[in-house]
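Okay, here's the structure, questions in a sec.
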Amino acid sequence: MSASLLLDLASSASLLVGSLFVLSGGIGLLRFPDFYTRIHAAGLTDSAGAGLILLGLLLQTPGWETAVRLVLIVLFMLLTGPTSTHVLAQAAGRDGVRVWRAGEPRR
Amino acid sequence: MLVAATAAVLVTMVLTLVRAVLGPRLYNRILAINMFGTKTVLFVALAGFLADRPDFLDIGLLYALVNFVATIAVLRLTHEDDPLLEGEREAR
Amino acid sequence: MSMFVLMNLTLFGILAATAVTISRLRALYEATMLTALFSLVSASLFVLMDAVDVAFTEAAVGVGISTVLFLGVLALTRSREDVTPRIRQWPARVVVLLAGGMLVYASQDLPRFEGATTPVQVHPVTDVYLRESQDDIGVPNTVTSVLASYRAHDTLGELVVIFTAGVAVLLLLASSPGPGRREEGEGPAELVLADYRVLRVISKLLLPFILLFAFYVLFHGEYGPGGGFQAGVIFAAGFVLYGLVFGVDGARRVLPRPLAWAMIPLGILLYVVLGLAGMLLGGEFLDFQGLRPGDPQAGQHLGILLVETSVGITVAGVMVAVFFSFASRRAAR
Amino acid sequence: MSGSLYVYWLIFALMMIGLYIVISHGNLVKKLIGLNIFQVSVFLLYISFGKVRDGSAPIVKEGIDTYSHPLPHVLILTAIVVGVATTALGLALVVRIFEAYGSLEEDLLHERDAASGVDGPS
C-alpha cells in the first residue's frame, strides 16, 4: 500500500463525506420548518461540507500554488460563513421573526 | 469521486434555489442565497479539478468574498425603515 | 449526453427558473437578491465555457457592485412593485414569443456549438492571439495580451465610456443636493450594523486582505485570470464592504472623497500618456514595443502592466465614487 | 451531438425572459433588472461562440493544445464593466425620477406628466 494510494483513498473519502454533508444541508434547508432551524442546515453545509470537499481537493493537488489557494478559500469561508449566519440570525431576531415551536405550521 | 461531489453540489444548488424561490419572505431568501454562494465556490473549485486545470482557484476566492459582501449589503440596506415592510411585519 | 452537457443544462435550468421567479416577484429586495444569484450562476457557466476572466469579472461586478447599487436605490425609493396589469402582459408575451421564434429560426444558420471549424475558430486572428502572441509578447494569459496590447485602442474606448457614465452619475446625484442630503455624521444609516461586534471585527480584519487581493489580481493578470478591470472592481468591493459596516463617513475617513474623485480621470490620463510615450519613442499610438529600447518583449510587459494599472485606477475610482454618492443620499420619502 | 444548437436556444429563452420583464413591467427598477438579465444572456451568447470542444481556458500552458477563443472573452470582459457603469447611470436617473415624482411606476409617471401638461412620450 503506497503513500499515493493512501492519499487517493483519503481524498475520495473526504470528498464523499463532504458531498453527503452538502446534500443533507440542502435537504435540511428545504425541509426544516422555520428560519432559525434552516440556519443550522446552512451552517452545516458551509463549514463541514465545504471544508471536507476542499480538504479532499487539497489532498490531490498537484502543486503548492493550488494548495495555498485552497487553504486561503477554506480560511476565508471559516471566517465569513459563521459571521454572516450569526449576523443574519441576530437581524432576524431584531426584526421580530419568531422561533417555531412544535405543532405550529411550517413557515 | 470528483464527479459524484460535483453532482452533489449541483443537486444541492437546485434544492437551495427551491428554498430561495419559495421564500417565504426576506430572511429565508437571504439565507438560501448565501448558501447558494458557497455552493458556487465549491462548484468552481471542483470544475477546475475536473477540467484538469486547478490553477484558477482565485475565482473561488473571489466568489467567497463577493458572497459575503452581498449578504452584508442585503442586511444593511434592507434595514432602512420601509413603511411597506412594516406593514408586512404586522401582517405576518 | 456528456457530463459537460449535463452540467450546462442544469445551470441553464437554474438560470431560467431564477429569471422566471424574478419576473413574478413583486418584492424588489427579493428580486434583486435573485439577480445576484443569477449572476453567480452565469459566472459558473462562464467557467464551464472556459471564460475564466469573464467569470471573474461577472462575479465581482454582478454580485459585489451591481447588487449593492440596486439595494441602495431600493433603500432610497420604494421596495415594492405595483401589480402588473393584465393588459400589459399579453402584448408583451406575444412580442416575446415572436422575437424568440425568429431567433430560434435564425439560429439554424449559426455555427454549431463547440465546433472546431466555425468561422470564429478558423479565422487567422486566432492563430495570432493564441500562438504568435507567445513570441511577440510572451504573456501566458492571452486574454490579457489581447485586451491590453493587441486591442488597446478598444480598451481605451471602453474606459472612456466607464468614465463618462461615472461622471454622469456623479453629476446626477451630487450636483443638486435634492430634497435631503444627509448631514455628516447623522442619519438613520448609522444605526444597525455597527452594533454587531463580530461583523465589525471581521470586516476590519478582512479589509487589508481584500485590498491585497486586488493588487494581486492586478499584477497576476498576465499569468492567471485577472487584470485591471477585475482589480478595480475588487478594490471598490472592499470599500463597499467597509462603507456598509462602518457607514459612509467611516469609509470616507479611509478614502476621502476628493481622492476617489481624482482617481477617475487619473487612470485615463495615465493611459493616454502611455500611448503618447509609445509615439514619442518611434512607434504608433499605444505601441509598447519601444518602451524598452532593444527588448520589445519587455516593453510589451511594461506597457501591459501600465495599461492594467490605469484601467484599475479609473474603474476603482468610478465604482467607489458611485457607491458613495448613492449611499450619502437620503431617502426622499 | 457534434452539431448541436441547444445552448443557443437556452440562451434565447433567457433573453426573452429578460425582454419580457422590460416590456411588461411598469416599475423602473424592475425594468433595469430585466435589462440586466437580457445583458447577461447576450454575454453568454458571445462566450458560447468562443467555446471549442475539449478546449481549455485561453491561458497558455505546457502540454495543452486546444484553447477556446480569447477574443469574445476580451469583448465581454470590458462589456460587463461598462454594463455596470451604465446600470449605475440608469439607477441614478431612477433616484432622481423618484425624487421628482414620488413614484417609479411608468403609468403613473405618464399620468402625472399629462396632468401637468408636459408631453410624455405618447
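By letter and in written order, the chains are A, B, C and D; residue numbering begins at 1 in each of them.
Here, contacts are C-beta pairs under 8 Å (C-beta built on N, C-alpha and C of every residue); 3 or more make two chains touch, one makes a residue touch a chain.
Because the structure is a prediction, the values reported are computed rather than measured.
Of all chain pairs in this entry, the one linked by the most C-beta contacts is C-D.
Chain centres here are Cα means. That of chain B falls 21 Å from that of chain D.
The mean-CA centres of chain A and chain B are about 12 angstrom from one another, to the nearest whole unit.
Among the residues of chain A, those touching two or more other chains are numbered 80, 83, 87, 91.
Residue positions of chain C with contacts to 2 or more other chains are 52, 74, 78, 192-193, 199, 206, 224-225.
In chain D, 56-57, 59, 61 are the positions where the chain touches two or more neighbouring chains simultaneously. A complete list of chain pairs in contact reads A-B, A-C, B-C, B-D, C-D.
Contact residues of chain B toward chain C in the complex are 3, 6, 10, 13-14, 17, 20-21, 23, 26, 29-30, 33, 36-37, 40, 43-44, 47-48, 50, 55-56, 58-59, 61-63, 65-70, 72-85. Of all residues in chain D, only 1-10, 12-21, 23-27, 29-30, 32-34, 36-37, 40, 43-44, 47-53, 55-61, 66-74, 76-89, 91-96, 98-99, 102-105 touch chain C in the complex they form.
For chain B in complex with chain D, the touching residues are 51, 53, 55-56. Those residues of chain B that touch chain A in the complex are listed here as 1-2, 4-5, 7-9, 11-13, 15-16, 18-19, 24, 27-28, 30-32, 34-35, 38-39, 41-42, 45-46, 49, 54-55, 57-58, 60-61, 64-65, 67-68, 71-72, 75, 79, 89.
Residue ranges of chain C in contact with chain D, taken from their complex: 1, 5, 8-9, 12, 15-16, 19-20, 22-23, 28, 31-32, 35, 38-39, 42, 45-46, 49-54, 57-58, 61-62, 65-66, 69-70, 73-74, 76-78, 81-82, 84, 88-89, 91-93, 95-97, 99-100, 103-104, 107-108, 110-116, 118, 120-121, 125-126, 129-130, 134, 140-143, 146-147, 151, 154-155, 158, 161-162, 165-166, 168-169, 172-173, 178-179, 223-225, 227, 229, 232-233, 315, 318-319, 322, 325-326, 329, 332.
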